[in-house]
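Next up: the structures, one after another.
Both complexes shown next keep subunit A, but they swap its partner, so subunit B is in the first and subunit C is in the second.
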Partner chain A sequence: MSAVGAKPGGSAGIDPVASVVAIVLMIVMLAIMYMIGTPMAFMALIGIVIGGVLIGFGVMFVPVGGAPAAMGQAPGIATGVAMLAAGAGLAGLFGGAWAAQTTSNLLVIVITGAVGGGLMMAITCLFVNFIYVYGMGIPAASGKVKKDPITGDTQTEYKSQGTEGHGLPFVSYVGGVIGGLFGGAGGTLIYIMLLDVYEESLPAMMQAQSGQLLPIPAAQIMPIAVTLAGMFAIGLFLVNAVLAAYNITGTIEGPHDPKFKRWPRAVIASATASALVGLVAIMIVAL
Partner chain B sequence: MTVKVEVIEGGIPHNKIMAAGLIISLVCIYLTWLNVLTGTPWFAFFGGLGAVAAIAWGSHTIKTLCSYGIGTGVPSAGMIALGSGVVAMLLATRYGVATPIVAVVVAAIIGAILGYLSNNVLAMHIPVMIKSLTELAIVGALTLLGFTAMMTGNFTFSALATGQVMFLGFALPSYVSSYLGGALIATVFMLAAIAIQHPFNACLGPNWKQDRMLMLSYEVGFLSMLAAAIMSLALISIGAALLSIIVALIGWWYTYNQYLVLSKRDAAAWLDAKPFPEEAEGP
Partner chain C sequence: MENIVFGIGITALAGALATVAGAAENTESDIGSQGDPNSQVQLAPQMGYLHRIFNKAVAGEPPAYGLWIALGAGIAWAFMAMQINAILAIVLGCALATFIQGVYATTAYLGRTASLAKFGQPVFVDILKSMTTVTMAHAFVAIFTTVTMCHLINAALGHPFPLPLLGLVWGIALGAAGSATGNPFYGKERQYQTQNFGAGVPISASGNIVRYAEAGQRNSLDNGWFTAKLAGPASGVCFGLIVFLELWRTVIFEPVGAGWGAIIVGIILILIFMVIDRYIEVWARKTYGPYTKPEEVSS
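Up next is the complex of A and B:
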C-alpha cells in the first residue's frame, strides 16, 4: 500500500534475452524508417538514436541525491534524476537552438548545446555545495569510495556515522558537469535532426492538410517546425531521462559509484526508446 | 462527468477507474467534434472535462505503479507519461476525426515498448510496470488532446497549426499565432505533467485514502483546465473561452472544498487558522 516502506527494485546484471530483443526492436524501427522515409529522414533517425544514447549515458554521470541528500544523509544534488536531467538537457537545448539560428554547422550547434548543459550543471553543483557547506554546515564526503579518484583526498574521516556520505565531493561535481555536457549535446542533436526534417517536409504536408490552393510560404511554417522539433526533443529527453532514472533506482554519486557499471543497460534502453519515439515523431511528416 | 467516488472497503478497483477514465475521456474529447458538426465553438469545454477524467485515471495508475517503490520519485512517472504521450498525440492529430482513437493506439504501443524496456532491459521486475507505462502513455496523450481540443475547439493538425489575426477587420490565417506556432503546447505539457503526478505525490503515505487522492486529482485537473482555458482566449472565441473558464472555476471550487472536507476527515486534528487573523480585542 505505502510507497514509503517498499524497497527499490533493480539489480546490477544485464538480462541477455531482453537486451537482444531490445536491439532487434531498434533495428526493426530503423528498417521501417529506411523503407517508408526519405534518406534524410533515415539519417535524422540515426542522429536521434545517437542523441538519445548520449542522454541516457550522460544521466549516469550526474550525482543524484534525491530526498536523502536533502536531509544530508547521502551525497549528491537533492532532487530526482528526471528533474536534474530535464534541467540540464533543456538548458542545453536552449543553447543549441540559439546557435542553430546563427550557424548551420552541426558541430558548433551540438557543442554549444553541450556547453549550455554543462554550464547549467556546473552552476547547480556550485550552489548546491555552497548551501551544503554554509547553509547546512556539512562537509563534502563520499560514502562509496575511500579516496576521491581525482584529487586523492580521503573521505572517511569527514563522513558522519549512519549516513552514506553527504555534500558534493569533487568527483561528483566533475561527474555532474560531464553529465550536463552529454545531456545538452544529446538534446540539441535530437532537436537539430528533427528541425531539419520538419523544415524540409512540413510545408508540403501542411499544404496537403490545409487544402489551400495558394502555396504557404516556408517562412511562415518555421514557428510550427520549431515548436514540433522542440516538443519532440523535450518528450524524447524526458523519456530517456526517466529510463535512466529507472536504471539508477534511487541515488548515484557519480562516475565512481558502483551503480555506474549499469551503463550498458541504459545505453541499450535509450537507443531503443529513442528509435521508437523518433520514428513516431518523423512519421508525422513522412507518411 | 466525474466518476462517483465513495468510500468502499479497499476502494474502487483499478480496472474500473481505468475503464471509466478511458471511456469518459474519449467521449468528452469526441463531444468537442460537435463544434465541427454544428459550426459553433460552444462545445470546446468538453475537452477540458475529458482531460480531467484522464488525469484522475493517471494519478491512480501512478499510485499502483509507485506503490512498488520504483526508487526514483513520483514526478518521473508524470514526466514519462507526457513525454511519450505528446509524441503519440501529435502524430494522431493528422488523422482527422479518428484522432482520439489513433492517439490511444499509438500511445499504447509506445507505452508497452517503454514498459518492456524498463521492466526487462533495465531489470526493474515490477509486475505492473508494462501495464502502468502503457496506461500512463495513453493518459498523457488523452490529457494533452483534451486540453488541446478545449483551447482550439478542434483536434486536427491543420486547426492546431493555423490561427487567425485580425487585420483591418478581416480575419487572416496566421501560423505564428496558432496553438503550435505559439508553442502554447509547451505550457499545456507542463500543466498536465504536474497535474498527473501531483495527487499521489501529495497524498502518499500510510494515511493514503483513495477518494481523497482522486478528489485532489480532480482539483488539480480543474486548476490546470482553468489555466488552459485562460490561454484559450487567444485562440478561440471569447464566449467559448469564458464558458470553459466558468466550467473550470465551478469544478475547481467544488472539488477544492470537497478535498478540504476529505482532508479534515482523515486528519488527526486540525487548527482552523484564518488567512488574516482577526485583530485582538480589548486594550
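Up next is the complex of A and C:
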C-alpha cells in the first residue's frame, strides 16, 4: 500500500533506438535554428540546451522521499521531486536574475544563481533533519547503502523496524545541495540566454508593429524582455524537472541510490525537450 | 551608506514576513492535509478506518502556493497599475486569491471524499463548513505576507522581475520549504501518534491513522493546533532564513569583487549549514543509538 513497497519501474539501461531518435531530433532543432535564426539566437539555443541538461542532471541528485518520507518510512525529503527541485532552482534563478542587473559577466551570474539554489537546499535539508531528530527523535538512516559513502557511517542498524530508512544521511544532504547548485545554474543560464535574445530582437519587432518611426525607449522594452525571459526560464525549468522526475519514478535517495545510474536518460531527454521549447521561445521574437 | 542601511532594513522585514508566511503555510497545509500525509488520509477509509479529517489535496503545496501567490500578486499588481494604494491593492489581491483557495479547498474535499464513497467514508458538511474557513484564514496570512515580501523585493530592493513572476517564484519556494520541513511532523508525529516515538511508521501500519481525540473524534483543527507547535514555526524559520540570507548576501556583498563577494558568502553559508547538519546527524546517532546491534556483532 505504499510507494516504498512498489518495485522500481524501468531499468537503468538506455534504450538505444529511443536515445538516437532523441539526439537526432535535438540536432534537427539546432539545425533549424542555425538556418533560420541569427548566430546569436543559435548560440542562445545551445546555451538553453546546456541549461536544460544542468537542470535534468541536477534533479537526479535531490533526495526525495515523497509520501513515505512524511511517515518516516523512507529516507529523503517529504515532497515531490519536480517541485522541490523547482523551488531550489527558482530561488537560484531569482539570485541570478538579480546579479544580471549589475554585472554582464556570465560566469558570475550563473554561479550566483547556482549558489542561490544550493543555499535554498542547504537550509531546507538542514530543517528536514532538524524535524526528524528534535521533533520526532529519529536518526538519519539510508535504505539503499550499508555505509554512507562520504562519512563511512553504518546505516543498517539505524533503520527502525519495518521502514526503508528515514531522514537525510550526509550523502543525501550533499546530494541535495549539489542538485540545488545545478538547478540554480541551469535556470539562470536559460534566463540569461533568452534575455539576450529578447533584448536584441524586441525593439525592432515592437517598432515594426507600432508603426512609429522613432525608436522605442529601452525603459519600455526591458520589463517585457525580463518578464518573457523569466516566464520561459520557469517553464523550461518545470519541463526538465518533471522529465527527470518521470525518469526517477517515485523516490530517490541521492547520488548513492541505484536509480542515479539512470542519469544519461535524463540528460538526453532534457537536452531534446530544452531544444524544442527553446526553439519556440526564441522564435516568438526572432522571426 | 544610507542605501545599505535601507537595504538591510528591507531585508530584515522581508525575512520576518517570510517567517510568518512559512508558519502559516505549513499550518494551513496540515489542517487541510494538503502535503504528502494526505496519502494516509486518503488511504485510511480504504483500510476500514473512517475518519473526520479534512482532505483538500489535489496539487502539492509548491504548485498550489505558486498559483495562489502569483494570483494575489498579479491582482495586486493590476490594482497598483490602476493607481490604487499599494497596501490596499495587496490586501484586495490577497483576499481574491484566498477566495480561489477556498473554492479549491471545497471542491477538493468534496471530490476526494466522494471518491471514497464505496469504502463507506461520508462527506461531513460540518467539517466542510468549519475547516474551510480556517484554512482560508491561514492561507490569507501566508499569501499576504509573501506578496508583501515580493512587493518589497521588487519596489524597494529593485529586483527586475515583475510582482506576479516574483510571486510564482517565491510561492513555489514557500511550498517546497514548508512541505519539506513540516510534512514529516504531521505525517508521522500526529497522524501516527499511537506508534512508538523515535521510530518511523512501519509500512504495515499504513492507513491506521489516529482518529480519536481526548473527547470525541479527532478533526483537522486538532491537527493544526498540534503542528503549529513545532512544524509551523520550523517551516517559518526555514523559509525566513532562505529569503533573508538570499537577500542579505546580495544586498551587502553583491557590490564586493564585481559579484564574487555574494558568491563567496553564499558558499561559506552553505558550508556552515553543512557542518550544522552533520553535527545534528552525529548527535542523533550518539544520543538515540542504533535500533539493532551492528550486523558484525549479531552474526
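Quick note on the criterion: the second predicted complex is superposed on the first by the 275 of 287 C-alpha atoms of A that agree within 3 Å, B and C clash if a C-alpha of one lies under 4 Å from a C-alpha of the other, contacts with A are read in each partner's own complex, and residues count from 1 in each chain.
Following the convention adopted for this analysis, contacts are C-beta pairs under 8 Å (C-beta built on N, C-alpha and C of every residue); 3 or more make two chains touch, one makes a residue touch a chain.
On a predicted model such as this, the values are computed, not experimentally measured, just so you know.
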Clash or fit, subunit B versus subunit C on superposed subunit A: clash
Partner chain(s) touched by A:Met60 [first = subunit B, second = subunit C, both, neither]: neither
Subunit B versus subunit C, judged by how many residues of subunit A each one touches: C
Which superposed partner A:Ile234 touches (first subunit B, second subunit C, both, neither): both
Contacts of A:Ala78 with subunit B and subunit C, given as first, second, both or neither: second
First, second, both or neither for A:Ile252, with subunit B first and subunit C second: neither
Touched partner set for A:Pro223, first subunit B, second subunit C, both or neither: both
First, second, both or neither for A:Met26, with subunit B first and subunit C second: neither
Subunit B versus subunit C as contact partner of A:Ile192, first or second or both or neither: neither
Contacts of A:Ala86 with subunit B and subunit C, given as first, second, both or neither: both
On subunit A, the residue positions that both subunit B and subunit C contact, one per complex: 1-2, 4-5, 66-67, 80, 83, 86, 223, 226-227, 230-231, 234
Residue numbers on subunit B that touch subunit A, as the complex places them: 66-77, 79-80, 82-84, 86-88, 90-91, 94, 106, 110, 113-114, 116-118, 120-126, 156-158, 161-162, 174-176, 178, 180-183, 185-186, 189, 204-206, 208
Complex contacts: residues of subunit A adjacent to subunit B: 1-11, 13-15, 17-19, 21-22, 25, 66-67, 80-83, 86, 206, 209-211, 216, 220-221, 223-224, 226-228, 230-232, 234-239, 241-243, 245-250, 265-266, 268-269, 272-273, 276-277, 280-281, 283-284, 287
Of subunit A, residues touching subunit C in the complex: 1-2, 4-5, 66-73, 77-80, 83-84, 86-88, 90-91, 93-95, 97-103, 105, 108-109, 111-112, 115-116, 118-120, 122-140, 151, 153-154, 156-170, 173-174, 177, 222-223, 226-227, 230-231, 234
Partner subunit A, residues of subunit C touching it in the complex: 35-37, 39-40, 43, 47, 60-63, 158-162, 165-166, 168-170, 172-173, 175-177, 179-189, 191-192, 197-207, 230-231, 234-235, 237-238, 241-242, 245-246, 249-250, 254-255, 258-260, 262-263, 266-267, 269-270, 273-274, 276-278, 280-281, 283-285, 288, 290-295
